[in-house]
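In what follows, a single structure is set out as structure tokens and then discussed.
When the chains are written out, they are named A, B and C in that same order, and each has its own residue count from 1.
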Amino acid sequence: MATMSTQPQTSATRFLATCAVTAALFILACKAIIDAPQEVTMGFVQKIFYFHVPCAWLLMLSTLVCAGGSVSYLFGGSERGDRVATCASELGVLFGLCVLVSGPLWAKAAWGVYWQWEARLTSSLLLWLMLVAYVLARRYGGSSARQLAAALALFAAIDIPLVYFSVRFFRSIHPNNTVVATLVPGMRGAFWLSLLAFTFLWTVLFSARLSAENAHSRLIDLEMLIDQAEEKKS
Amino acid sequence: MTSENPPRAQRALRVAKVSKNFGRQRALIDVSLEFSPAAVTAIVGPNGAGKTTLLGILSTLVRPTSGEIRLGDDALDRAARHRIGHVGHEPGIYPDLSARQNLGLFAALYALTDPGARVASMLERVGLSDVRGDLPARAFSRGMLQRLALARALLHEPEILLFDEPSSALDPTGARWLGEELVRERESGRLVILVTHDLDAAAQVASHIVVIRRGRVALDRQQAQGFAAHEVRGLYEEALRDR
Amino acid sequence: MTASFWRYTLLVAWKDLRIEGKSREVLYTMGFSASLVILIFSFALANATDPAQGPITAAGVLWAATLFTGTVALARVLDRERENESIRSLLLSPAPRAAIYAGKLIATALLMILVECVLAVLVGVLFATGVFDHVLWLALVLALGTLGFASAGVVFSAALLRSRSREALLGALLFPIVIPVLLAASRATACLFDPLAPDLEPVAFWTRFLLATDVIYISLGLWVFEPVVTGE
């Protein structure tokens, strides 16, 4: 049974500190992005890269965390793992949506079309659809919703290497993974700062969401304790 | 009718502080019981009390949230499944297959030696040996289906027999036949656990009455000489009375 | 996997195939529905008669029809276990859960492949493609594609056994996962249907992709089937 947090003030302080660091990182990242040189062919439009790539990274991170939580729930019976998986899936849907909106906006400017059925775009879309399916499964899957969703998460995790390595194995119009290593210094700094800021944002959102789930679980435990006490009295 | 060989081991089944939660719902709370071999235990209680959940745990299909179940000195886990026979509301057979084909399938699943003879013996035991060989179980009456279900449950000579409201939807003749079979299994040394709403049926066959109320054991009474119907009703009402 | 595992697998598969043999429900309903889907596509797709588009369209229609109606096969093979609660008897038996999964996978895949053979001929006739040009390759692609679909499908059908929204959810959950299989299978099939294709190198590539996907999906299915079918 989950216990009440014995140090609510410490965790609140930690959370606020993380929010402050995240905000600071975003301010620094924005400045770095504005100061970063413009890409020769795409010009200003290229700067969507500093938003798009971190969101893609967070889509994959969310899926990985969701899969990890699902394994510990399915095979270890860990309720915490199940809560972690739920929270990660929702963030995956959110950041996946950001990727699927920012990508086509950039594609229109760079390739002249919003969408192409090439390996990376297709596999990213599939990954996002699987996370949406996860959320649907949890909501409507009935008595075995959690097991169903957990199994789904494991199948979704298989798509991660497909998303990442797709540009290497398939001829693709999408920029490949070596782009980051070949960035000029001004761009490289802005990119890593942006990636760090988004990762902190993910951490903030994840811990807030997980906190809510943990609190809900504690509430259920308390309700059970109350029921038990009332039965003993009667 | 062929005589039944009693199961080799006669061990008690012990349930120690078993609880089961389904999310926020506490289906079973700290249930501790002991079931004796060569006896019928009737588990009774209102709807939603947790009887079927307890039976699910005893069948090893449902994992308890906490607590332990032992058959003799051994833990009752998936390895002990072949020691358990289960008859539920539904007969647990394949309606498109005939009685013989159903039992043949389960004989193969339990890797029985001489499955043909065993199937024939079981069909005779439950009074289905005269049924047309290729008739699918879908065409059977409710009573015939429950006979087939009992044959399926006994096929592998289980040590423990679990019945979950087996006489619901049976006519009086069928219910009476089932009661006789329960007594017969008790006398052959099997450990029989019967979940039922029918207090009179419980009184007829059981020497051990357990009342489950809101997930807890409200009453646990054994009497070697058995119970009269009015005794069972009295115990039940007392167990459910708010103190 | 031991001899005992395979014995249980074949027992479960044989049981399902025997039941299907008596009613032929899956064969007829899936076959008829898929044929209708193919007809609908052939009416709806204006470029179907264009020789250059024929093979690609034919392959896409074949696999789309198979996937849409394959959920019928999946649902029935698992739903049969719900009738009379026979799933409980099966789970109570000594059969390993992984063997139950493998048995159902084999039965479902075999039933689907039988229907697909007929659908391939129908597609060949309607879209004037070379269905019989590379029969062995086509058989291999059909088998691998179907296995990939069924390997995930059996897991989710089993997980949805106790759910009220079974019919609504199965497609929604399964299709995103099997799209890579659909992609690979339809690409390979399109090349096989194309009389003007210079060589079968794309077929070999996509077949290897299907094989890798199948190995991964089946391994995952064997691993997760037990916790999802036993539930809480």
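By definition in this document, a contact is a pair of C-beta atoms (placed from the backbone, for glycine too) under 8 Å apart; a residue touches a chain by one contact, two chains touch by 3 or more.
As the structure is a prediction and not an experimental result, all values here were calculated from the model.
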| item | value |
| --- | --- |
| Chain nearest the global centroid, as defined over all protein CA atoms shown | C |
| More contacts between chains, B-C or A-C | A-C |
| Centroid distance [mean C-alpha coordinates] between chain B and chain A, Å | 49 |
| Geometric centre distance via CA averages, chain C-chain A, whole Å | 32 |
| CA centroid of chain B to CA centroid of chain C, Å | 39 |
| Multi-chain contact sites of chain C, meaning residues that touch two or more partners | 232 |
| Per-residue multi-chain contacts in chain A, two or more chains | 143 |
| Multi-partner residues of chain B (each touching 2 or more other chains) | 22, 63 |
| Sites on chain B touched by chain C in the complex | 22, 59-63, 81-82, 84, 86, 88-97, 101, 105-106, 108-111, 136-137, 145, 152 |
| Chain B contact footprint on chain A (complex, rising order) | 77, 143, 220, 223-224, 227-228, 231, 234 |
| Chain B-facing residues of chain C, complex | 8, 11, 15, 18-19, 22-23, 80, 83-86, 88-95, 230, 232 |
| Touching residues (chain side chain A, partner chain C) in the complex | 74-75, 122-123, 126, 129-130, 132-133, 136-137, 140-148, 150-152, 154-156, 158-159, 162 |
| Chain A contact footprint on chain C (complex, rising order) | 152, 155-156, 159-165, 168-169, 172-173, 176-177, 179-180, 183, 216-217, 220, 223-224, 227-228, 231-232 |
